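After this come two complexes, each holding chain A, first together with chain B and then together with chain C.
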Partner chain A sequence: MQKSTNRKRVSSSRIQKGAQQWKEVIPYLLPGLFLFALFVLFPFFFNLYISFSEYNIMPGAEKPFVGFANYVKAFTDRKVGLSFRNTVLYSLVTVPGQMVLGILVAVFLNSIGRGKILFRTLYYIPVITSWIVVSLIFRYLFESGKAGLINYFALRLLGIKPISWLQNTWTANFVIWSLGIWKGIGWVMVVFLAGLQSVPKILYEAAEIDGAGFWDRFFKITLPLLQPVLFFLFVNLLIGSFNVFIQVLVITDGGPLGTTEVLLSYMYKNAFSFFEFGYASAQSVLMGIAIVAITFTTRRFFRAEVYEL
Partner chain B sequence: MREINKRGLLIVIVSLCITFPLLGGGKQEKEAEPRKIEIWHTYSDAEVKVFDEETIPAFEAAHPGIKVVSTKMPYDGLKQQVIAGVAGDAVPDLMRMDIIWVPEFAKQGALTAVSDKNEFGAIQANLLPGPMRTNYYNGKYYGLPLNTNTKVAIYNRSALTSLGAQPPKTFEELVALAERFKGPEKWGLGVGGTSTWGQLPWFWSLGGRLTDDNYTRALGYLDSSGSIEALQTMVDLNRKGLIGPSLLGAEPNTWAGIQEGNYLMIDDGPWFYSILGQEAYEKTVWEQFPKGKGGSVSVVGGENLVIFKGARHPEEAWTLMQYLLTDEPQLRMARTGLIPTTKSAGGNPELEDNELVQIYVKQLQTARPRTPHPNWEKISEAVGLAFESAYREKGTAERLLRETAQEIDGYLKD
Partner chain C sequence: MSFRNNSVKLILYLALFVGVVVFLTPFLYMVAVALTRATRIMPYPPILFPRNPYFGNFAVVWSRNNFGRYFLNSVFLACSSTIVSFLVATTSAYSFARFQFPGKEMIFRFFLISMMVPGLLNIVPQFVMIKFFRLVNTYTGLLLLYSSTGVAFQTFFLRGFFEIIPREMEESIRLDGGSRFTIYRYIMLPLSTPALATLAIFTFSASWDEFFLALTFIKSEWKRTLPIAIRLFQQQYGTEWGLVFAASLIAIIPIITIFVVFQKRFIRGELTTGAVKF
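Our next item is the complex of A and B:
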């Protein structure tokens, strides 16, 4: 008898204690939770709702439920396929491009003594400049005709006839990819540089004594040990590459013939030029699902071979 | 004790919150204050000067109870901004918007039907019917045309002189001149692009059609033999190197090209002169669009005035709207090159001396509006894509136009 009441008292006091703790903590959590709900959860669920309706922007207007119609349309729309192709190509080109160049720059900077900070700053500047500004600059650099800067130098120095960069699908995509890579190198470099500091120097010294050259040390020590950093870079760049938008909107606006359109630019056009909010929302949901799927598969793939230090 | 204190504090705060606004006695002051109405527009700098410094003060002097806030909006991304404003209930009272947006925003339910107003009949009777038509949606009018425009042919003066020619009247003459003008970095025709705005004067003048007169069908019109021939003629001219790179968005663009003498002829609106000023007058000569099989048919542009459903002061907005469609403000804006939409202002002797306005008024008599339909943006994209595909020789004019006509018929039924 005695025991059971005791136990009861203990458990109820534990609940009380827990409640007490919550009471003290909640005022600190609430602002964050509130903001999270307002700016993340609410838009998320509202977007889902819009994607199942024929949405009208007027407050209080009729918004008929249309089931999966918007999703079915997305799967049969040729332009969605085209935008998807361009987005995937952008990922395939710019993610490895940024990583390879960024890592090379990082290793180079790590090995030089003087001017490290200067070069680090120079390489990082593109990362912090506005997408709009650099997109406009690239558009002018790759202007067609003799007056475009790139064309001017190509003609003067190499004798190449002026190229209509932005008026052909693949040259236009090349410009978009170049911008993506150029702007991302600095970020990869900074993250990788930070990772490099964590590699114990002894390993390199030992390897050197064993007669390992620069590339041996790079491939056999640096890369394996920095596998987690590589994974972090890869996933972030991959997700980031699916968000390719501003450069396309500013540089080509999807042209020529809509062949450089990417998922986000096409979505934007549907929502804000054609007022097809439901359709655009459905596309965004599909894109979200694709990103989650890709992230999980890559995580699984990478986890299989993480090296222990 | 603490509990009571807290509650007491709460009561004090709440009661203060409630009573403070009342204590101010702001209500009386508010009624004496003029009612502010906001108007969004995209007037150019020269136009803003006249609008802000002459038109609005004149209106405010005549209507002491109303104050007008004039906001110049950037044209880039403006539609998106208006959409955000409509969705967020943050629109101005009035807006001077591109004529082609009106049916689209009317369909969304964002605009007030001005044809419900008592004074509408009298105002409409004095307005040019072509621009008026662009405000029509589903049995009602959702705006009034404020100024209209179109594109005329603009020729490089020294190029004409060196060819020893006058601005051509027909398309054949133009092509003959273009063939003589052709050379390295020299093209006869500077076309603004493959979009509908860039293409329609050429397409229509050469005998092409988009839809029937009531804007209900594209099949049988966009893919008619006249349309196919019109597009094919342009494609052939481009293949022969008579059309400059501006057609496909490359440099030199039409404005630079006509000024530098790369192009013999371009087509554009009165803003070519109001923006470039004296230099444009010196370097170029204007003429009506050359006549082809379809005549000399340009495209109607311009701006309409609309009142938003979310307007704070719809009555005052309507007062301003009526004022802006009287002769005085119409003639005042005409001095900057904006073409009046009222019949009475159009017949005013003051305009007869304005040669620039005269050429555009003449061209407007045969100009056609773009399809006034809520789905115009989609129609325009489809047609532009067909034109661009034809120039890039991704298909025959016949097949491209037939497929596009079928697509457009779907949009027209919507």
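Our next item is the complex of A and C:
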């Protein structure tokens, strides 16, 4: 008896304390939390709701509940399969591509003295240039016919006949991938360069005395020590790669025949070209679930690896 | 030994130089095309170094195609969203860095998870909501979306900086009876200027370059921002690449300038987030 009233008193005082704390923090917390809850968190759930209906944007129009129909449609739609394939391929190609090249540039830069900052700035320029502009540039670089710049150099230097880059699925995908890699190298370089500053110089000196060469030092000292940085880069690039959309819209608009479509571009088309909001929402929900699952799995996997070391 | 070292360095310089040339050729080409008088067919061979630079393309897009107007729109939108985000993000980060309250870490975890998922997945519900609030085709609607979708990252970014400010600095204020707001205003903000500057640059360039929300929510021509204006212009005048790239240069030169001017601070700030948190 005595005990339970005590416990009650304790818990009610804890509630009081919590309320007091909230009262203090609310003026600072509220603006951000309110905006986040209203336009980021709530839409997640609203997405779910829309995905179970045949949503009509007109005010007062009916929004019949259709159950899982939109989801069934998504799983049987050949174009969803294609977009899924292209999105996964984009991740598989551009994430390692950016990492390998960016790390290479960083290691080279770290070994030179003068001109480091200039080179670093130049390599970073694509990162800060707007996606829409770089996509337009790449579209123009890979213009078909002999006057396109890439075709011109391919013919003059390698003797390759002009290619219609954007008219074939795989060459078009190649253009999209090259843009993705080109734009991200600078970011990888900058992050890895910062990581390199944390490796004690004495390790390299000791290795050099033992006769280890450039690549020995890189593979046996740098990479193992910078595993957390690699993990950080990998997760961020992976998450970033799921955002692929604008480059597809500008370079191919999904063509030829929708074979370069990615998940986001197909979802957006369903929503704002065909006005199938329910279907687009179902796709969004599926993609969201897939991304969170993939990210958590890789994080867990990598974290285990890092700790084992 | 030193001879070998020197030759290695020479190779590295050479590799880096060749890399930079290949890497920046796309930009060079864009500038070259923008400085060439428009022709119906693409010049052959492609021009990388125009002999008589022609600046007419810039004049044409700036005045006749309203890019002056779009430029001002972008300036307005980017500035106001930077200001709004500054207020929202600093207060939000302050509450996570210096307050204890039930549910704090849970809310923060929601912020982190939301950062994993492409923001664009929410565009359908956001559209329905903005339409419900009658904010389609207004900058208010865009500002609301820009600041709310940015909150999570900005809070995450600033919290780390606020937390490393030594608590002892607040003691004197507390002894003098200063309020939480005094601490926020006179300790937190001034002591994290580098981080705030970095964040301001981030926010500014993010809204300057933002494409899909603007494309979806802005309907009238005179409200367009640069990215969508460029896109629609390119769809309309697909073959006149000189004009398209002149417009593109108008859009990217401010951001590149800001970056080069602030680059030391910018890069360092960006890194700390990565190194400290993940």
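To be clear about the criterion, the second predicted complex is superposed on the first by the 283 of 309 C-alpha atoms of A that agree within 3 Å, B and C clash if a C-alpha of one lies under 4 Å from a C-alpha of the other, contacts with A are read in each partner's own complex, and residues count from 1 in each chain.
By definition in this document, contacts are C-beta pairs under 8 Å (C-beta built on N, C-alpha and C of every residue); 3 or more make two chains touch, one makes a residue touch a chain.
Keep in mind that what you see is a predicted model, and the values were worked out from it rather than measured.
*Asks:* Figure out whether A:Q167 sits in contact with chain B (first) or chain C (second), or with both, or with neither.
*Replies:* The first partner, chain B, only.
*Asks:* Of the two partner chains, chain B (first) and chain C (second), which one does A:P256 touch, if any: first, second, both, or neither?
*Replies:* After superposition on chain A, A:P256 lies in contact with chain B alone.
*Asks:* Report for A:E143: first if it touches chain B alone, second if chain C alone, otherwise both or neither.
*Replies:* both
*Asks:* Which partner, once the models are overlaid, touches more of chain A's residues, chain C or chain B?
*Replies:* Looking at chain A, the partner in contact with more of its residues is C.
*Asks:* Touching A:N56, do we find chain B (first), chain C (second), both, or neither?
*Replies:* A:N56: touches chain B, not chain C.
*Asks:* Give one of first, second, both or neither to describe whether A:S273 is in contact with chain B, with chain C, with both, or with none.
*Replies:* Touch partner of A:S273: chain B, not chain C.
*Asks:* In the superposed arrangement, which partner chain does A:V190 touch: chain B (first), chain C (second), both, or neither?
*Replies:* second
*Asks:* Once the complexes are superposed, what residues of chain A are shared between the chain B interface and the chain C interface?
*Replies:* Correct list for chain A: 57, 143, 145-148, 272.
*Asks:* Any idea which chain C residues touch chain A in the complex?
*Replies:* Going through chain C, the ones touching chain A are 8-9, 12-13, 15-16, 19-20, 23-27, 29-30, 33, 41-46, 48, 87-89, 91-92, 94-96, 99-102, 107, 110-111, 113-129, 131, 144-145, 147-149, 151-152, 155, 180, 184, 205, 208-209, 211-212, 216, 227, 230-231, 234, 241, 244-245, 248, 251-252, 255-256, 259-260, 263, 267, 270-271, 274-275, 278.
*Asks:* Can you tell me which positions in chain A touch chain C when the two form their complex?
*Replies:* 18, 21-22, 24-25, 27-29, 31-33, 35-36, 38-44, 46-47, 50, 55, 57, 105, 108-109, 111-113, 115, 119-126, 128-134, 136-138, 140-141, 143, 145-149, 152, 182, 185, 190-191, 194-195, 214, 228-229, 231-232, 235-236, 239, 242-243, 245-246, 250, 264, 267-268, 271-272, 277, 280-281, 284, 287-288, 291-292, 295
*Asks:* Please output the residues of chain B touching chain A within their complex, sorted ascending.
*Replies:* Counting only chain B, the residues touching chain A are 79-80, 83, 86-87, 89, 104, 108-110, 245, 248-252, 309, 377-378, 385, 388-389, 392, 394.
*Asks:* So in the complex, the part of chain A that touches chain B is made up of which residues?
*Replies:* Residues in contact with chain B: 56-59, 61, 143-148, 164, 166-167, 255-258, 272-275.
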